[in-house]
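The structure follows.
All chains are identified by letter, namely A, B, C and D, in their written order; residue positions are counted from 1 within each chain.
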Amino acid sequence: MYFASDNCAGIHPAISAGLSAQGSGFTSAYGTSDLDREVELRFGEIFERDVAVFYVSTGTAANALALTLVAKPGGVVFAHREAHIVVTECGAPEFLSGQLRMASVDGPNGKMDVNQLRRQVEELANSDVHGGRPVAISVTQTTESGTVHSLAELDAIATVAKDFNIALHMDGARFANSLVSLGCSPAEMTWKRGVDMLSFGATKNGCWCAEAIVLFDPSKASELTYIHKRSAQLFSKSRFISAQLNAYFCNGLWLDIAQHSNSMAKKLAETIAGLDSNCARLTSMPQSSEVFAIINIQTITAIRAKGVIFCEWPASPDFEIANDEQLCRFVASFATSDEDISCFHGVLHTAAKQLHRSVQC
Amino acid sequence: MYFASDNCAGIHPAISAGLSAQGSGFTSAYGTSDLDREVELRFGEIFERDVAVFYVSTGTAANALALTLVAKPGGVVFAHREAHIVVTECGAPEFLSGQLRMASVDGPNGKMDVNQLRRQVEELANSDVHGGRPVAISVTQTTESGTVHSLAELDAIATVAKDFNIALHMDGARFANSLVSLGCSPAEMTWKRGVDMLSFGATKNGCWCAEAIVLFDPSKASELTYIHKRSAQLFSKSRFISAQLNAYFCNGLWLDIAQHSNSMAKKLAETIAGLDSNCARLTSMPQSSEVFAIINIQTITAIRAKGVIFCEWPASPDFEIANDEQLCRFVASFATSDEDISCFHGVLHTAAKQLHRSVQC
Amino acid sequence: MYFASDNCAGIHPAISAGLSAQGSGFTSAYGTSDLDREVELRFGEIFERDVAVFYVSTGTAANALALTLVAKPGGVVFAHREAHIVVTECGAPEFLSGQLRMASVDGPNGKMDVNQLRRQVEELANSDVHGGRPVAISVTQTTESGTVHSLAELDAIATVAKDFNIALHMDGARFANSLVSLGCSPAEMTWKRGVDMLSFGATKNGCWCAEAIVLFDPSKASELTYIHKRSAQLFSKSRFISAQLNAYFCNGLWLDIAQHSNSMAKKLAETIAGLDSNCARLTSMPQSSEVFAIINIQTITAIRAKGVIFCEWPASPDFEIANDEQLCRFVASFATSDEDISCFHGVLHTAAKQLHRSVQC
Amino acid sequence: MYFASDNCAGIHPAISAGLSAQGSGFTSAYGTSDLDREVELRFGEIFERDVAVFYVSTGTAANALALTLVAKPGGVVFAHREAHIVVTECGAPEFLSGQLRMASVDGPNGKMDVNQLRRQVEELANSDVHGGRPVAISVTQTTESGTVHSLAELDAIATVAKDFNIALHMDGARFANSLVSLGCSPAEMTWKRGVDMLSFGATKNGCWCAEAIVLFDPSKASELTYIHKRSAQLFSKSRFISAQLNAYFCNGLWLDIAQHSNSMAKKLAETIAGLDSNCARLTSMPQSSEVFAIINIQTITAIRAKGVIFCEWPASPDFEIANDEQLCRFVASFATSDEDISCFHGVLHTAAKQLHRSVQC
């Protein structure tokens, strides 16, 4: 029962098979093979327009290099206070962009309060040189809280970017999970909303290592080519990523995997929802593959002892959490099975009964 | 007949099988899985001492981050004028180290003239703050010219580093090819010579993507941990690299592959050596998997038309090359077969005969 | 009546005379002249210990380079949310350090809430590599709100730095004003409290351009030498700064100037304190050369029309400010005269009477 | 007899007087005072077109920030192998631009061989992403060898820049000395030749500290504004530089000073030229304020003992220098007097006689 992260699963068998199938034969290197080009065109079909695609080693690299493309001296990027680029990348976006600063914006459920965002961008836009200047907004879809921005919410954020003539970046480390959650097209969730650069993550959704920057304005590709190489991100045997993505996109596998993960998360959530709230309660019903719950510490100990693996999560001002409780995160992936859920159900409900008894004593 | 680069081959079947075998099940991420730890220990056995190992996406990243570890404000790294870090990395070492400059040192056959190296290091060491200060020497083994430094040559370079109390880095993008060429142990070719940090490349020797920084002083690992992450090089599913290296090291596969490539290169060279020097001549007998030859332009056209794929190489002051000649590079890999060599032999000797006839006319 | 900033005054006549007196004759350059050395020794006497001194062009440079000395990959500096390094330096500390991030800490009156500071430092110190690591705390003395930390308040901040083994930097752009306000010695306000690096500002206190980094551990000077030069801050005719500081320190001139500015500010504040609070009210009695007051917008217009020059200041959560009011800042300097204050008194009280009448109507 | 550098002189009395005259009264800060604006307009008159002017602390800062304006990822700047930006700035241009690399071009007399320059630029322009790309050429006028490019030589360099569509920067640390040497107008020596950005140095020509970046395309000023501030180069009391330059430009003082220095250098050279070449010989007749001579080591010792102060200079491949000889540099400035020259003449000729005698023995 491994729910610590979707990073802890391996590779989906169909993607593994697709990768192995490309292991022999010779091709040109550094992103120039036929397969590389085919996959880039496939991205174009999926997003319904010409795009430029750059493979990178990590989601952190995708975020950092996408933002570097719009970086300017004194430039500031606005993102939610819990965004990966703000708190979980060890300063990589600042470092790799050579200059950008991240400005954190408050808001519940992993989403920026759009009025607050507008105020902060406006204040900086009106400041003199000492303050710097806004250059981009970064929105995370799926958010770090497991929530999904509606298209209307994305529109509201995009309007701020447009009004101040700055770029809009989307951190899509769990892009597919949001997509199937909203039931919209990739185009509708991105450039039709005003997104300029997308960090397209496939690693968490069943690949070994397949992260890409997608530029919706391919005329900027030539500039990113240099940013990409001088950041040491130009893979030689790039086909090893293309091979994964080729299988990933084949027959909608990527959406099937995301759908699977989301529904496993839903089942997991329902298991928690069935308990007394003193023992465990959801922060909300999951919208993607992540479940957040506030759990009694005794229960945490009990289910860990039975082999349930998951993460304690930093307390958020969004929730009221008692001293003997802890915010926890559970993540489903392609590798999560009905059997995992069923086992979890058993373990959790047993622990809940124990707690109930101990409280009664 | 694909001799353009060892980057153009895919993955060795045994490594592919090893990778697939690790595709299922859950493990912890970010370099903390059991397999990650096992492979790090395996590196320690191979190098006969405790080492710290960091996976990175590219050889460029390995070089840049290894050098960043010893970077100081005003710092300068000395390397051969044709070294990858000097001319083929788009400024990545300078950029990712935040400050280092590369000083290029002349010398024939891809090797620094050690007297010249000493003079240049000494001059900078004696300069005032305006000049900066030396911080490292970087030696490439196998060199960009396909040659291999002898242990005595490495000693001579290491002595300069020691005399000026600066670090010694080895760019080992084709490490295994040198190792089998010298017939020495990994320890003898590295830390026993004075190497502090090694860029250990396995991608060119049959992996998909398996590059690592090996630190011979593991006490510096904690610092590199932050350099590594803020450079966006911390893979989440790190086991995908461990799985490749696990198979790579199993039963000496890595040395067998390098031995194969080197001997294919030798056969390829013998094919060229058998020709009239007006048509094609070796710059020297190969010491590793790369063959450099000066070839008549008509012959180049003729063998390309027959499907031989290889690179024209920038002219070097080391060789006399006529106007109707061109320096060319051929690289063998795990995927190079006796059949490739035999085909190449046929095509080349036919072209040579044609040239002979045309010259006679 | 020019109260916009102490930057708007020129140079104190005695410092100007001292500068002119050093204009002829030859000396060695780049910080090596006899006068440069004398002034460095003078700093040592003033601070009662050996120090290393580096001249820089701006307070921003002093802050940025002092922090660079303790920068590490992934490093974070903690400072008040209104600190100059956080909001008024266009990202210079981040940029010039190559990597540092600024973490902003809340607290009233321009001072960090020390419990909040401790929590934030502790959280980052306990985080994994994704979060980064704390490397320094920066305290501003005089604060951006014109307040002065007591020695006990400095001790409390220094204790956090010590507990987490990180550096303590003091931004002393208005160092002298705090010093005379507290009536303590330079040593007591700095290294005896635990300050490691000081940005020593003299420009705002009557010099043309005299900013210095003071290192209380001079063994780190050799490293800063390179940071300083590669940041383009090594003045050739360094004696032009030494000449200013030589006069500045002569017979305690620097303290006399600061005393003068502080008492002018006090008089200015008393003028405001005498008014009806609907018209204008102090945020608090000034502790240094800066006066902050909340003023009715009609009054602002009226006194501006009469030639009073000052700055509107960004609203702070510390104060309740009505819609028809505005936070304003007035700064006194060596050039502020009793006549300026007396004029200001007349203009302000006339404007207050007008307002009183208009409100009655 | 202080000929070590023009940096070792103080400030010209007329400039000192002009500076003192601006010491009282209030003005706005950060480059916005009336005097700041007047001096910028004065630059426009001098250069016969609208220009944007940014004050910086050092010539190194001027060079680095001017080049930053045209920096791009992977970008390379071409300059003479002895250029200040290449060997004397501790990596500041690389560091402050966040990315640029310097490529050194050979050529005698401190001037790039223009054919060699074209070959190097062309090779990089034709390279793939691994090599990077050319972004600028930097020419030093007066060169580090004291020579002056003719207008035709500047044209030849500018043509290379134009042909490859890259920027042309001029390092004018000793701009005025070249100007009076050529007898042309500032416009003719800069933008009429194709110069885009000029590092305008006045410090060496009689100011305390007055270095400026002059942009001949003022539409780029808004970008440089941010580069300038985030590099910590925005002086608060900017009028202290304007006041110097105001006096500097008044009645052609700047040209008079340069003319004086150049003629003092000529006299100094004539003193050397009168000697036996075994004792001392000029590398060439000076074109500006610097004299380079190859001097016998005994003579060096002898004249130093008599109080002649000057620098030994790194040997250049341009000259044949015996083992008992040393290349030396003598620099004249506003403060060099006929009496200094006359004293030098006496001391040198006495030393020459001693040498003559010792050689005869």
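Here, a contact is a pair of C-beta atoms (placed from the backbone, for glycine too) under 8 Å apart; a residue touches a chain by one contact, two chains touch by 3 or more.
Computed from a prediction, not measured in an experiment: that's the story for all the values here.
More C-beta pairs in contact connect the chains of C-D than those of the other pair, out of A-D and C-D. Ranking all chains by how far their C-alpha centres lie from the centre of chain A, first place goes to D. Note: centroid distance chain B to chain D, computed from Cα atoms, is 42 Å. If you average the Cα atoms of chain C and of chain D, the two centres end up 35 Å apart. Here the CA centre of chain A is 53 Å from the CA centre of chain D. Residue positions of chain C touching 2 or more other chains, listed in rising order: 73-74, 89-91, 95, 98-99, 129-130, 132, 226, 229-230, 234. Interface residues of chain D, counted against chain C in their complex, comprise 2, 4-5, 7-11, 13, 16, 19-20, 22-30, 56-61, 64-65, 89-92, 95-96, 98, 203-204, 208-209, 226, 229-237, 239-240, 309, 335. Chain A makes touch with chain D in their complex at residues 68, 72-74, 98-99, 129-130, 132-133, 223, 225-230, 234. Chain contact summary for the complex, chain B toward chain D: residues 73-76, 87-91, 94-95, 98-99, 101-102, 129-132.
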